[in-house]
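Take this structure, written in structure tokens, and hold onto it; I'll ask about it next.
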Amino acid sequence: MSFVLDWARTDRTGVAEAVLCDSKTPEQIAAILDRARTEDQRLLLTRINRELFLSLPDRSRVDLDFDSLSATAILGAVSPGQEQTAGAVIVAAGTSDLGVAGEAARTLAFHGYVAPIIADVGVAGLWRLMARLEDIQVARVLIAVAGMEGALFSVIAGLVEAPVIAVPSSVGYGVSAKGQVALHSALASCAPGVLAVNIDNGFGAAAAAIKILRVSGR
Amino acid sequence: MSFVLDWARTDRTGVAEAVLCDSKTPEQIAAILDRARTEDQRLLLTRINRELFLSLPDRSRVDLDFDSLSATAILGAVSPGQEQTAGAVIVAAGTSDLGVAGEAARTLAFHGYVAPIIADVGVAGLWRLMARLEDIQVARVLIAVAGMEGALFSVIAGLVEAPVIAVPSSVGYGVSAKGQVALHSALASCAPGVLAVNIDNGFGAAAAAIKILRVSGR
Amino acid sequence: MSFVLDWARTDRTGVAEAVLCDSKTPEQIAAILDRARTEDQRLLLTRINRELFLSLPDRSRVDLDFDSLSATAILGAVSPGQEQTAGAVIVAAGTSDLGVAGEAARTLAFHGYVAPIIADVGVAGLWRLMARLEDIQVARVLIAVAGMEGALFSVIAGLVEAPVIAVPSSVGYGVSAKGQVALHSALASCAPGVLAVNIDNGFGAAAAAIKILRVSGR
Amino acid sequence: MSFVLDWARTDRTGVAEAVLCDSKTPEQIAAILDRARTEDQRLLLTRINRELFLSLPDRSRVDLDFDSLSATAILGAVSPGQEQTAGAVIVAAGTSDLGVAGEAARTLAFHGYVAPIIADVGVAGLWRLMARLEDIQVARVLIAVAGMEGALFSVIAGLVEAPVIAVPSSVGYGVSAKGQVALHSALASCAPGVLAVNIDNGFGAAAAAIKILRVSGR
Amino acid sequence: MSFVLDWARTDRTGVAEAVLCDSKTPEQIAAILDRARTEDQRLLLTRINRELFLSLPDRSRVDLDFDSLSATAILGAVSPGQEQTAGAVIVAAGTSDLGVAGEAARTLAFHGYVAPIIADVGVAGLWRLMARLEDIQVARVLIAVAGMEGALFSVIAGLVEAPVIAVPSSVGYGVSAKGQVALHSALASCAPGVLAVNIDNGFGAAAAAIKILRVSGR
Amino acid sequence: MSFVLDWARTDRTGVAEAVLCDSKTPEQIAAILDRARTEDQRLLLTRINRELFLSLPDRSRVDLDFDSLSATAILGAVSPGQEQTAGAVIVAAGTSDLGVAGEAARTLAFHGYVAPIIADVGVAGLWRLMARLEDIQVARVLIAVAGMEGALFSVIAGLVEAPVIAVPSSVGYGVSAKGQVALHSALASCAPGVLAVNIDNGFGAAAAAIKILRVSGR
Amino acid sequence: MSFVLDWARTDRTGVAEAVLCDSKTPEQIAAILDRARTEDQRLLLTRINRELFLSLPDRSRVDLDFDSLSATAILGAVSPGQEQTAGAVIVAAGTSDLGVAGEAARTLAFHGYVAPIIADVGVAGLWRLMARLEDIQVARVLIAVAGMEGALFSVIAGLVEAPVIAVPSSVGYGVSAKGQVALHSALASCAPGVLAVNIDNGFGAAAAAIKILRVSGR
Amino acid sequence: MSFVLDWARTDRTGVAEAVLCDSKTPEQIAAILDRARTEDQRLLLTRINRELFLSLPDRSRVDLDFDSLSATAILGAVSPGQEQTAGAVIVAAGTSDLGVAGEAARTLAFHGYVAPIIADVGVAGLWRLMARLEDIQVARVLIAVAGMEGALFSVIAGLVEAPVIAVPSSVGYGVSAKGQVALHSALASCAPGVLAVNIDNGFGAAAAAIKILRVSGR
């Protein structure tokens, strides 16, 4: 097996290539890790749950920083340097959204950005959101994670100046199973300025947030 | 053509049979009106837009109380008596939802109930909703009309004690065209106690509201 | 892990917050239970099947009133006091719908309401429904649970004065797999006054029924 | 333009080929009629609304027996002989279903079968159906036409011995627009023995009914 | 647990009630069997795979005639008497459709009808179908089972006089996963007289075939 | 308005760029034609119906070879030279498919290829297909156009050696409205070697056929 | 009629409220314009096509800056001041995407931002995109408009540092009718950093771009 | 159990019948293999994963050439003779697409064709594709495998003369789960000449490629 990894992607686009694990065999993931180790590259693995992680050979798992809740693993330093750039804030509607929020936070960290996670601010109890409004309004870019009907996206976008990246999560059942309703709520939002990424795509939200924060520096 | 109308439905279920017009030919509607006039019955017609109304023969249109915005027409008195029962409140997210809200209000009136319409309270500008909260919280049953992403349903249900009947409206475009997103948001709402009717079904929402208000009297 | 539970929701909306378990990890559920115990609060857990229940740590399971068929668990007294309020009736089309009906009954009980479950009244054998009509017509609010094609909703709504809350269940296969057909039948019902909640959402139906029954008392 | 019509189909399968008009140009329909006249063949045209009928050249329309409500036209005698075979009964849930019911009746007539249409027996007023039960139970094959949620199919199939051919009609709006809900209700029916044809396919229902009635004669 | 079984359904509609097992718990199935044994009734169980069958208590399994391929089980005699009525023929497009075909055959047998299964007649090798044409054309009613694109339904309906009951099977992958394409092919068939039942619904197809065969005897 | 046309596409890929008209304004189409005339280039316009064609300014329509049935127009010579290459055969299931078949034929002609159209070979009357089998089997590449259930694709692919390009047409109603069923039948075909293009995409089928025929010459 | 416009939205979120016209009646639009004129406010109207514009009363149309291609109209100055902020670039895959691109450009202008539109850079002729790469890479935020399969989004996001806002357009037919395929391509993009808005939502893309450009100034 | 295998299919259509395993029981697969061994025929099995392979009886597995990644097994020689025909090239967007690409390669080999697999050429890093362009442009027919948004199909079809067979793979999550987006991208491609097969259908792509390559020899 040979792989063509795109190490230059960071330079070209500001975001590194990540390894999406859940459609790969353990053998394929192990071979990619071998290659990265040989070439002395840091690597971010996403959508790697505990079962898949444990199915990797020992030589692959050693030194991997694995996080079960976010289903991510990092080869090499979790963060590229000592200094971390602020500006992003992650908001999660409920406890069930913390896995996706964690994927975003880990991706930001991998690229040198730090972001607090503000949880349990679903709109059914609006006061919980209002109580945290100040912490949210400081954001220069906001990542909002919500499942079910995704009403949080519209409510929050009407309250802040920052661009809002909506990450629909596959939390729900019946019509909201698999996150389609939350996704559509983000896209159909009556509040202008809401931007959507794929369902459960914490990585993509973080990648876009990084690109937005880099805008200022140019 | 002969028709079997269900005049006894009011006694049996509390709500009269209405004539859904948009799948009927002008000839069929005219024949139904003739029958009602002959039997001296009041009649509520729904989903009858101006074009369809004008295509009816003259003898059918005379004495009909036609309302263009709500696309309804009433044969006989608009309201059954002098006294009207209060308790229902209708909330419409935006101007485009007023047609559906009107269908609900006209149906309530036809049965002897009166309900104010509170408009322009979409969640993108939360203050507009908050400014009307007192008027909303007096409701014993709330009819909420919203299209696009339907976030209003969850927000409002978290703020009131009354049961909330969500009427998704077919306002929107792209993913929210035809009201599917608003409908799914109502069904997947994170706020318990939200009840949904079919898209644009102001009549059904009013019928249910009447049944709920009648509960108290039993 | 820290959680922001909405203990005041009962006061604000008449219905307590419940913990939807199937999208949470055992660790998250255990932490929420710890918090509730610390704060001496009763708590309702839904969508917790036997396997998930057994994966909780021992300290979490002790004292939990677990019911396998309805996949619910209650911390603290199952019912808030000695007196239970009547008025709701639950109808289940078939044996397979009893789990969802049970979720509704347990939720009602948790809030101090009692409701009989009337089962096996599918419309393919209309006499079974007719035989129970008197028990059904006493309801001040009716919760109807049905899967497959959901014809029960329309038939029953044409026979009773009470508002009908339709709970589509995910019982069926082929086109009716996952409850979509039953849901759509509820929404498209030719009988006015049918109100729908999400598929399998016994909790939501009960929450709405409680709100409706509380209307009378105001 | 030349056409290969399948005149032998009646011998082979018991049902004649019909001309589905709404996807053909007026020129194509006119050419097919010319061919049939030249070869002295009777011909059934379906899905030909008034506008399309009027767009045909004069030579095509003369002698055509056109029926607006069912959107059918027949070249030659409407029925093949003096004697008509009974056994089929057509039931229509509401006034809006009469066009589709008419297509079935005209197709049956074209092949020498006669069938009464029993209308306005929707399940929201069950007594209307029950009042006609005797007329329905004589059927050796039943064609049932219903739109919206299609609950009629299940109710009726639980009451009769005859096979039930369900024809979903595209009557409804919101989730039931275009007849999908009624179709799915037929397919997911809890009453065994319900058979479905395509939405609005009165012709296909009649064709199958003819095949079923011919079974007895073999 | 108590159940209201519809033992009189055979008299009323010609087809017995069957127990759809895959949405019931083992406890529920066992209780139903107990009831049937107590009342000395024969019983047909469908959609009961080996795993579910083995999860039943011993007292339930004894004397049950279980068939793994068709996932059916019969309590009491497999067939009601010595004489079996012919007239139905079952055609299966491929080997993978034999489970569904078997459900139809077992249902027919339970009611006293016998039907041969003709397999491996998919249209990609038309000669295989043509080689069996004589055996197929004797049918008074034809049950055709096919998955994938379901082209068999149209081809066969153009070749026989008998009514064709199409049973789409959930055989396929990609766009044809879960049988939707085969179902839609049956409904949209260019050959008149094709009747459809739900995906994998061998039971329903047999029930309808029985009703059709009974037509002759009246 | 300025346009960047890809005149070099023929050299690069063997197929010229065509102008898809139905999503363009008359002004945009006229400007593109002006450009092509100025640069003395031949041009193929697709999806231009009579109404759109007539809305073009006079200067645009002069010299355009417009064909109503296929909704195509050609600027310059219809065919690039005197000699036309054979090898492609177009098969159309019914009369209603001739528009799409015509788009394919016109596209082939524009590129110097000639293909006969064989019509009315739907599988409901298999003998019509069999009668033309010899004309079909000479094809080196076959374009098959069918709507409704698209069974033709599988039947024909089982009978010929040539690759079969399936063009689903938007002919049908109910479940087959808009061509989705025919498309899915092509993709799920039980006969290997069926290749699909988009619904109604006669142009794309011809483009692919040209590429296939060019394979031999390399 | 009275309206509650959210004039303060610009201050709160950086983007003004716009009037989505296509779900409003001419009377409603006229009343909103009257209000704006009375309060001396600038106003942006979107999704107002020529037919709707012409149906407004004369007093409403005078002074309105109407643009047919983008279906927008502006009351008051098109741009808020003399100075316009650069940084956004709009890319349109084809001529048919220029209407949506224009809505984005007009919205940017209304808020004081200027953005060039680079058209005809679809990926089927990659050289056209590459020829404009320098003009594209200067963008601090990129708005990309594409219909059909939307491959442009992934290709362009792999080439630039700026965040890419994908606007799927409803250009296409068959499976790509109504823009769903392009939307899904944006969401499923293999290139990280692609952000999606609703189909045809040029306004929303511009609103988000403004929020992103404002990030730098804070 | 008896089976009617279509050994003559190779002669008739150029491609052998293959055994699609994942909808068959181990017993059925074993019986088919027995038949093939008895009749001394080579046989290709597809969609047979390791678990299913291991569930076959020992007598079935001996001598089977099983390949885990492509989930294929071959009875008899992997290739029919010593000489292999070139001309096909397989391109895979990412590592996760290698299973589907392998199914195509194994099918080609079984019929005597050889094709290189060129991997990791996704469009997010266009340089990886460009670096392999020469190897790709030699193809006389190209098989392209891609999941997620499937942008590769359009990009590659704009760069080569050969016909492109697009195989959407079920790689992705959220909206792209199960391969629908990639399939639709292939069908809606803006680059003419893209031909699609079903999702994950490496076998079908190879079958079509063989038919195309055989065109030259006739």
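A few comments on the model shown:
Each chain carries a letter (A, B, C, D, E, F, G and H) given by its place in the written order, and its residues are counted from 1.
Heads up, the rule we're going with is that a contact is a pair of C-beta atoms (placed from the backbone, for glycine too) under 8 Å apart; a residue touches a chain by one contact, two chains touch by 3 or more.
What you are looking at is a predicted structure, and each value in this text was computed from that prediction instead of being measured.
Common neighbours of subunit A and subunit B (chains touching each): C, G.
Interface matching across A-B, D-F or A-G places the copy of F-G, with more than half of contact pairs shared by residue number, at D-F. Between the Cα centres of subunit F and subunit H there is a gap of 27 Å.
Chain centres here are Cα averages; for subunit C and subunit F they lie 56 Å apart.
In terms of their C-alpha centroids, the spacing between subunit G and subunit H amounts to 43 Å.
Shared contact sites, meaning residues of subunit A that touch two or more other chains, fall at 9, 124-125, 157-159, 172, 174-176, 183, 187-188, 191-192, 198. According to the touch criterion at the top of this document, the contacting chain pairs are A-B, A-C, A-G, A-H, B-C, B-D, B-G, C-D, C-E, D-E, D-F, E-F, E-H, F-G, F-H, G-H. Residues of subunit G touching subunit B in their complex: 3-6, 8-9, 17, 20, 22-25, 28, 32, 47, 168, 170, 178-179, 183, 198-201. On the subunit F side of its complex with subunit E, the touching residues are 93-94, 122-126, 148-151, 153-155, 157-159, 172, 174-176, 180-182, 184-192. Subunit F contributes residues 69, 95-96, 98, 119-121, 124-125, 128, 147, 171-177 to its touches with subunit D in the complex. Subunit A contributes residues 9, 12-15, 18, 87, 140-141, 157-163, 165, 183, 187-188, 191-198, 203-204, 207-208, 210-216, 218 to its touches with subunit G in the complex.
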